[in-house]
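To start, the structure under review is shown below, and the notes come after it.
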Amino acid sequence: MSFGWNFVARNLPLFAEGAIVTIQLSVLAILAALVWGLVIVLARLSRWRLLALTATGYIELVRNTPVLVQMYFIYFGLAFAGLPLSGFASALLALTLQNGGYIAEIYRAGIESISRNQIDAARGLGMRKLLVLRLVVLPQAFFRIVPAIGNQFVVMIKDTSLASTLSVAELMQAARILTDRTAATYEVFVTLAAFYLVMTAFVTLLLRLCERRIAALR
Amino acid sequence: MPVISKSALPTPIEGRAVGQPMVEIRGLGKSYGRSRVLHDVSLEIRNGEVVAVIGPSGSGKTTLLRCIDLLEEFEQGEIRIDGEAVGYRVEPRGRRVRRPERELAAARSQIGIVFQSFNLFPHMKVLRNVIVAPVRVKGEARAEVEARARELLARVGLADKLDAYPAALSNGQQQRVAIARALAMRPKLMLFDEVTSALDPELVGEVLEVIRQLAAAGMTMLIVTHEMQFARDVAHRIVFMDSGSIIEEGPPDQIFEKPTSERLRNFLRRYHRACVI
Amino acid sequence: MPSVLIANLWLLLGGAATTVELSVASATLAALIGFALAVLQVFGGALLRGIAEVYVYFVRGVPLLVLLFAMYYMLPYSGIDLPPTLGGILVIALYFAAFMSEVFRGAILAVPRAQWDAGRGLGMRSRVLLSLVILPQALRLAAPPFVNTCVMLIKSTSLVSVIGLLELTLSGRQIVERTLAAFQIFGGVALIYFVLCYCLSLYARHLEKRLAYAH
């Protein structure tokens, strides 16, 4: 059985267009999630019990429900309520809300991993809480957070494939269109897998480089 | 403190001529990458003898112990136990080959080792910790082994802790269980690797007492320790190691009162409580 | 008053039952394969280790949806006649086996080296050492992350709705197509998933506290 290279070459533009949308969706979602996650974690760690509990409840909610259901909830819910949101926007919103929760936990783990001793030492030197946060806690927490965020980004890229169920013209959707049109399913899926592997491998490589730089700095 | 009577212990020197060499180490050498950890170490331990190894950290004492128990590989030299070379076999063409795991395990089952961090099996109760090896390694009958284990645990003062998990015991108690566990295999040689270094000071005494009684019963032992007074009391011979080599050895009085090498003198100066210089 | 939700609750619960069946089947299979992969990675020779690592790498770089579609579209073309339910279970199991293998591998490697020393010092050989000393401790260490991976798996079963398996998510979608009460129905669907997953998450946290050893 020979591999249909011609087929792949002919349809590469279609895959590429889909890949671009995938990348757009992923990058926008991770940036938004980084910001939203910060909001959540600040609420989680705040001194007002009600706010902290709400944030905790939010995190548990998004962690224990599937992304697909969240996407459907937003997309169909808004559409039937008369405020239709595009597939892209719905997927973006769902991914942001979900990953914001996970990233909030990453932030929290990073902050709480800084040993109590260092904070005590800093405060013993007379630093006030905000200064301690800025000079001692955040720089170190940052180094622990980066690898986890990188992993979350990889997960996010894979989750964008779910947007195809909302007819978003990303990578997975390109493959679905092609399988409907042609019989070259084998070539389609190999190419599809290859595209995703390249994207995730690229991000993982970038992550390793970052980790090495970080290790060198310490 | 419970007394271990000679007849109650397994008698390792039955049928063995006291004074005959049991362990012969010749030219032992080992490196970790670029650094030389053991350098041309030669040592003899006779039946019924108690040898204490002292020296600064990093002198290779623990590595020596682990090599004897075949927990580490060594590149040069040979170790003979009762005349038989263990660990490696020299092929007809002169190539050195590590023996198969079967033979290594067999050799280890004849040697008892107690570690600094006791290393009890946390998911097993105390009694099971002691009986698991004789039953599953040597294939002994469970009833027999259990009886022996109960006696051993009673002798080390832990008869009431048979059903406890290691986490419920103090460090000193855990170490005594570790000793009982090693003794349950009826070894001909016991190795102790700084077994009191990780203990709270008030718990050290009870463990040293157990070792003292073992020595009195005639067990052949190699003890790596920082407890100078204890080494002086219980050992027939002291070996001083530094930077991977044996610098000096001899009877306790000679080592502690008339040290000849400069390094030993410097080392002893830091433990002035134990010596008379 | 979520009247539409209540009216269709029985249908949703039927879908939930299918979700649970799919999850249990996939999780069991994934655990077995994952455990085998982990053992290969820790104890196997270079070749076996390499194969296991490539497998894990591939699975972690490709979305589950891609694998499900590949199975759904490609198998009929290759002449294999696999019912979609079985195919879905297999794909999810093979996918999560990679995650399970990381959990088990981490757990085996987390058993302190000193435990190996202790067992060997008593003359134990590999088989006895592994079965009596190392693996019991490794399985205890693996339990909390294992349960968390199962939570991930339950959520992932929602993807088989896309290839037509009538589990909870597809049930919800069908009801919404009929009634247009998207917020209510999908809200209910999310709630059912939440109950399933949250209980397991709590159990994982409980396990973490109960099984911790002070080594």
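For reference, chains read A, B and C in written order, and residue numbers begin at 1 within each chain.
The definition used in the following text is that contacts are C-beta pairs under 8 Å (C-beta built on N, C-alpha and C of every residue); 3 or more make two chains touch, one makes a residue touch a chain.
Treat the numbers as computed from the prediction; the structure is a model and nothing was measured.
Chain-to-chain contact here is organised linearly: an open path runs through the chains from one end to the other. Distance from each chain's C-alpha mean to the overall C-alpha mean is smallest for C.
Comparing mean CA positions across the assembly, the chain most remote from subunit A is B. By number of C-beta pairs in contact, chains A-C lead all other pairings. Inter-chain centre distance (subunit A to subunit B, centres taken as mean C-alpha positions): 55 Å.
Rounded to whole angstrom units, the spacing between the C-alpha centres of subunit B and subunit C is 47. Per-chain CA centroids place subunit A at a distance of 21 Å from subunit C. Considering their complex, residues 58, 60-66, 69-70, 73-74, 77, 151, 155-156, 158-159, 161-162, 169, 172-173, 176, 180-183, 186-187, 189-190, 193-194, 196-198, 201 of subunit C touch subunit A.
Every residue of subunit B that touches subunit C in the complex is listed here, in rising order: 69, 71, 101-102, 105-106, 108-113, 115, 117, 119-123, 132-133, 136-138, 167, 181-182, 185.
Those residues of subunit C that touch subunit B in the complex are listed here as 114-115, 117-126, 128, 132-133, 136-137, 140, 213-215.
Residues of subunit A that touch subunit C in their complex: 60-61, 63-70, 72-73, 76-77, 79-81, 154, 158-159, 161-162, 164-165, 172, 175-176, 179, 183, 185-186, 189, 192-193, 196-197, 200-201, 204.
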